[in-house]
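Each structure below appears as structure tokens.
In what follows, chain A forms one complex with chain B and a second complex with chain C.
Presenting the complex of A and B:
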């Protein structure tokens, strides 16, 4: 018998259907007529009226003979097939299923040689190609900033773990360097689909959490610009900027949850008359963050929090401000101004804060990193962003800088200004050594039923377009062929 | 019959002016009569008169002479003759009278004989009325007699055979030309001379081998702005911008054509002048001739080169590095051998990870679930169901 819940469509066959399908073996005629392993066809077919065997008419309707008879009150001949479609999911249930993040799987095997990541691991190039587990405290923090994404394959394994790549070591070293120099690292992670840009961001965040930085993470930039959250003009701004209070509230809560340990330690350096609560100088930042309870003042409190975090006083720590889905904020947003004109993304205050940081207009006194990852799925092309990335890459390689195409419209000087100071890391596929290490981890977790030798590694590596991580997962984990 | 005779007389009178022509072209005479008086009934009556039995010889005999003596005697009877002529005619008549009688008779006989023998061709050929389009008429212009010409005499091949032979002859003729005459063309051969640096323009003409064609006048010119040694780099760029969509950035060539004028030479001249003008415009410092733009010093620096008209298509080629060579084969072999050895080594040391074995091993170690506890049965008889 199939599982009670259909994994694909979330429909649950009702009890009536279940009973019906159990009763089916008694009715030999209907057995032969329908597919034996499917409940759907039987349910859809309904009671076979014409070809009903006359010997067992009542059993068909009532189920087992001992279950008794039901009294039917309605005299309508066209009785509805109760539960023919199964139970439809409740409002929000589908989305919850879609957005579900499962970080552990008790059916997966425990990998005994897996060691936990700590602050120094990712700085050491000797750890490249190693798969390492994320400690529980870190997982909580990462979860709080929404660093895990629903489509990632955390749910296959007993414990969230990650592969250390050369790019990881590179990125983390740069971050560390920036923090020691009290500089701001401005960096864009670019690469093809499924190459692991978000995972690299997660690793950077892990590093920040290990070193007790403040981490602010915007997990989906499209939530800011596709007109799905409320927005309102900020009074007294010219040109008009727009705040997104609901999103700001959510962001404050995430920051508070993830950075609790650090926020508690820090004290306010300014009095904040603009926020409704009394916040005397010297109260903890946690208190400030806690004062955001409703969307009404969320933006003001967020700005107050940001002012405190970037204050040049003692006891402040580096900040990691990360954003995933850079292309979504490098275009004109879907919001409209009161004059019904489209609002540029950079006129949204939160986005502007990020782009100012990325462009170098705001510097962090205690250093830190402004990190952005591009996304290759579900985006409009942003010509200027692509050009800027290509230019930064060329600058890094010392090659000739590509220029704007003269006769193409749609370049955006604001975007180019925002990306003028950024460095670029191009994330590519992993090499075979890393692939082997990863596959050994998969096999040890009991989710890859093959011998991990050079042949199988080469095969999967090749199938995945020279080691594109997501494609490797598709080729080995997400396939139904075992 | 009186009216018939009268009409005959009239008809004869009309044609008496051409007594000698009658015998030669009788049919033409008849038709000319018809043409001359198209609306008259006379020809019809004339034609009707011809049908009557009429001895022409007898009629003309009165005017014909058998010898010189008769002519001279007749002349003497004419009154308009002057005295000197009359005396000369008399002399000649006397001379004639001295001719012996037998000679005279002989001359008479000869004259009569000639007349009689030529009388037949003087007769008019009458078309047969019953014939269909004068079908039976003899064609006097034909050289051959047409009789039995198309009959097959069993001494020749069929016309298909003749055609085949003709084909062979033709082929042989061309073969002879190819062998004997074509080699003589090498005398006119000239060695290829690549265009020099002084000839940067490449013209293309179209010939339809002497036939008239509207496209024959068209002339195409191609040149690369880089081939003009006098132009600096910004000037070359300006030239490209002047050429607009005629510039091919892929090849770096400007291509222009002209078929505006009637003759090829005119078109070529126009193109040559145009190129000259373009170069003059591109050169700011030395404006050679008439300029194409208002301000010759404008170098169009603010206008980027427009290449939207041209699509750059890169055709992917199989990379050279990917070609299989002996070295590459050996390299691959060594990579595979190393991989194999690595796997062997790992297997020996027990470090080779096998997913299936790991799962099996795990399943062996899983504590076996206890049997389900047996539930105690209910003792006693079940109460009967109400039906």
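Presenting the complex of A and C:
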């Protein structure tokens, strides 16, 4: 009896034997499966009964002696591990953590010599290279307009503070001049990554808040054009324009929160029949802003508010309309029309409003500033915007204007029209004096642990690509050196 | 006529019939027709074997005027005698015995070889016009004494060197020579080993290859010790034989004689250094300045995203506290970011050393002097990568 089995075991692949054995009934299976091991023991044991069949499949899993052993991880272990992972974050929790803005750190040292910024400081060239703290009231306003960005290093220090740069003084002086002349300053901040364009915007907004301007800030232009907010065609427009009601509501709320003091003082000059609430002439603008509670009429109310703010009546103040991420609105958006064609960014009503201001189509009766900052992150190139910036720069320097390249198609006349009237400030790296002042502030806050001398300043300045501010922070604050 | 004769001359070796005809003609010209006798005919077979010396004679002897004729004739006779003697070898004895008959034959033979001036005036075929002056420079070959070359029958060849029977004769000879030299120049003043000119001596493999002998390591090391001792003789006192003997043990390429080309500082105050790492090559122009860096037209931050790479790139300046003393303008290509950054380290440090050679030890301590020779290891057959093996599966 043993001979044929042994022969079979020798001549046929063992797996075939096993597979075959699964199909046959238990008693037979036990016999065939055990055959390769030994014929005698099972034969002696006789037919299995009771608990035996349950143990059989386990034995079959181990297989033929020649097929080797495999490490098998039981399913129960997997389940245990999954259970041990703990609670997963709730929906939106991760994003909230990512977008969290921490503006103070109680572990950081208090810098006793740090003085608070006020309305005149930024106009004075003598304050260049000084680091100055932002007063609490201002911080609240800036926070309301979302001037602080999550990736900036505010959370390293006791209180938010900022370095006064020559660019700051330049920008603020221009703003002041425009307000005095009741002109509209149209300005674009351009520069390499991490050079401090957004911080310069923040300083401009601080100036506006100090001088009781109205500040309207679009912190991330990409939220308007990357098809993440709801949109709808505005009835009665030709060519069709699109409103973004949710975004408009958020914007109104930001404006209301940040500019409360000024809005309360101003009274409406027009009756607004288009808005659902009754708004008699002479009611405060705060009331108008408060009337926006739901997205339904947000766009209408925003336009009503805009109309009031730009009305040529007494008691109005200059306006700062700022937008961060200009590159995102200088291209075709990701939204689609009902005909499933891509919508140009300038057909979105809010973007159109900004570009009209920037292009000089809308002028502010009490003056103000239209401020835009370009971005180098997460954006496709906009040839026309780059060309326009280069042209404006050349104009400012009195150099020869660069022209369109004849064999490239990606130019956009609407973009060029929007940027025709803008001035440009090229933001570059800071000089060594500013770098030193900044590093002294870091050292005083206990964040930087090296002695601040000429050598260490030069080194960080060099590492940061000739004083690129954000890179200096990366090189000295974000890199762990213990 | 002349040309035809010389052409015939060249054809001498082609066949006996031609030669006979020619010889007959020649003798007829010289008025020796009476001697073309049955003797000649009878010995024509013997003469067939002698065509090589004939040619020799013809090329060597050039009769020009009648004045030299007598002298020439005697020379030819003696030469012909020797040649025939040499060719006959052991038949010399029989020649002596044969007496006048054979001698007469020889004489006759040599006489027949004396060609008329018209025939022999040309050496061979030529396209150039040959003048008489050309022949005057040609001298007759000296007398060849074959007896002197012959060894005595009892002599046994003995090797020149007694090392001939050893395993490594050539090495042993040179070793002995070195020993002898050391013995004789032992008393000359030696200089300390630090002051001795550095020389790369042949290693064992090289000396084995050079001599073609299985030189023993221990022997060679002992020999080398002597060589080094000889080498440390004061260079001004070192005798010529010692120098010659040591030359044989020097390697063909002397690394210590390599002198690094100094990097010049050009009229703008720039020094250019070249550095390599992995597959990156960097050229850095370093000039005194305030610490500005431009790499491939970009700032340091633009060129390298990682702060670590930026630090690597300017490490030479940083390690020597020269961060704010120099400006760098560099070009890098090839490889990845790490390779480029570390190629820059080397390039900047080389250029920096051109400005301040005294920084070399500091830079060496900072690891900015030596090129890292590591490269990507090649993939091997049977492996997934250089060393990674495919997953093991049991059959």
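Everything below uses one rule, namely that the second predicted complex is superposed on the first by the 399 of 482 C-alpha atoms of A that agree within 3 Å, B and C clash if a C-alpha of one lies under 4 Å from a C-alpha of the other, contacts with A are read in each partner's own complex, and residues count from 1 in each chain.
We take it that contacts are C-beta pairs under 8 Å (C-beta built on N, C-alpha and C of every residue); 3 or more make two chains touch, one makes a residue touch a chain.
Being a predicted model, the structure only gives us computed values, none of them experimental.
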{"item": "Which of chain B and chain C A:68 touches, first, second, both or neither", "value": "both"}
{"item": "Partner chain in contact with A:479 - chain B first, chain C second, else both or neither", "value": "second"}
{"item": "Chain B versus chain C as contact partner of A:454, first or second or both or neither", "value": "both"}
{"item": "Contacts of A:442 with chain B and chain C, given as first, second, both or neither", "value": "first"}
{"item": "Which superposed partner A:176 touches (first chain B, second chain C, both, neither)", "value": "neither"}
{"item": "Which of chain B and chain C A:297 touches, first, second, both or neither", "value": "neither"}
{"item": "Touched partner set for A:225, first chain B, second chain C, both or neither", "value": "neither"}
{"item": "Chain B and chain C contact sites that coincide on chain A, given as residue numbers", "value": "66, 68, 454-455, 458"}
{"item": "Chain B contact footprint on chain A (complex, rising order)", "value": "66, 68, 109, 406-407, 439-440, 442-444, 446-455, 458"}
{"item": "Complex interface listing, chain B residues touching chain A", "value": "304-306, 308, 336, 339-340, 342-343, 346, 352-356, 358-359, 362, 385"}
{"item": "Contact set on chain A toward chain C in their complex", "value": "66-68, 192, 194, 429, 432, 454-455, 458-459, 461-466, 468, 471, 474-475, 479"}
{"item": "Of all residues in chain C, those that touch chain A in their complex", "value": "290-293, 298-302, 307, 310-311, 314, 317-318, 321, 323-324, 394-395"}
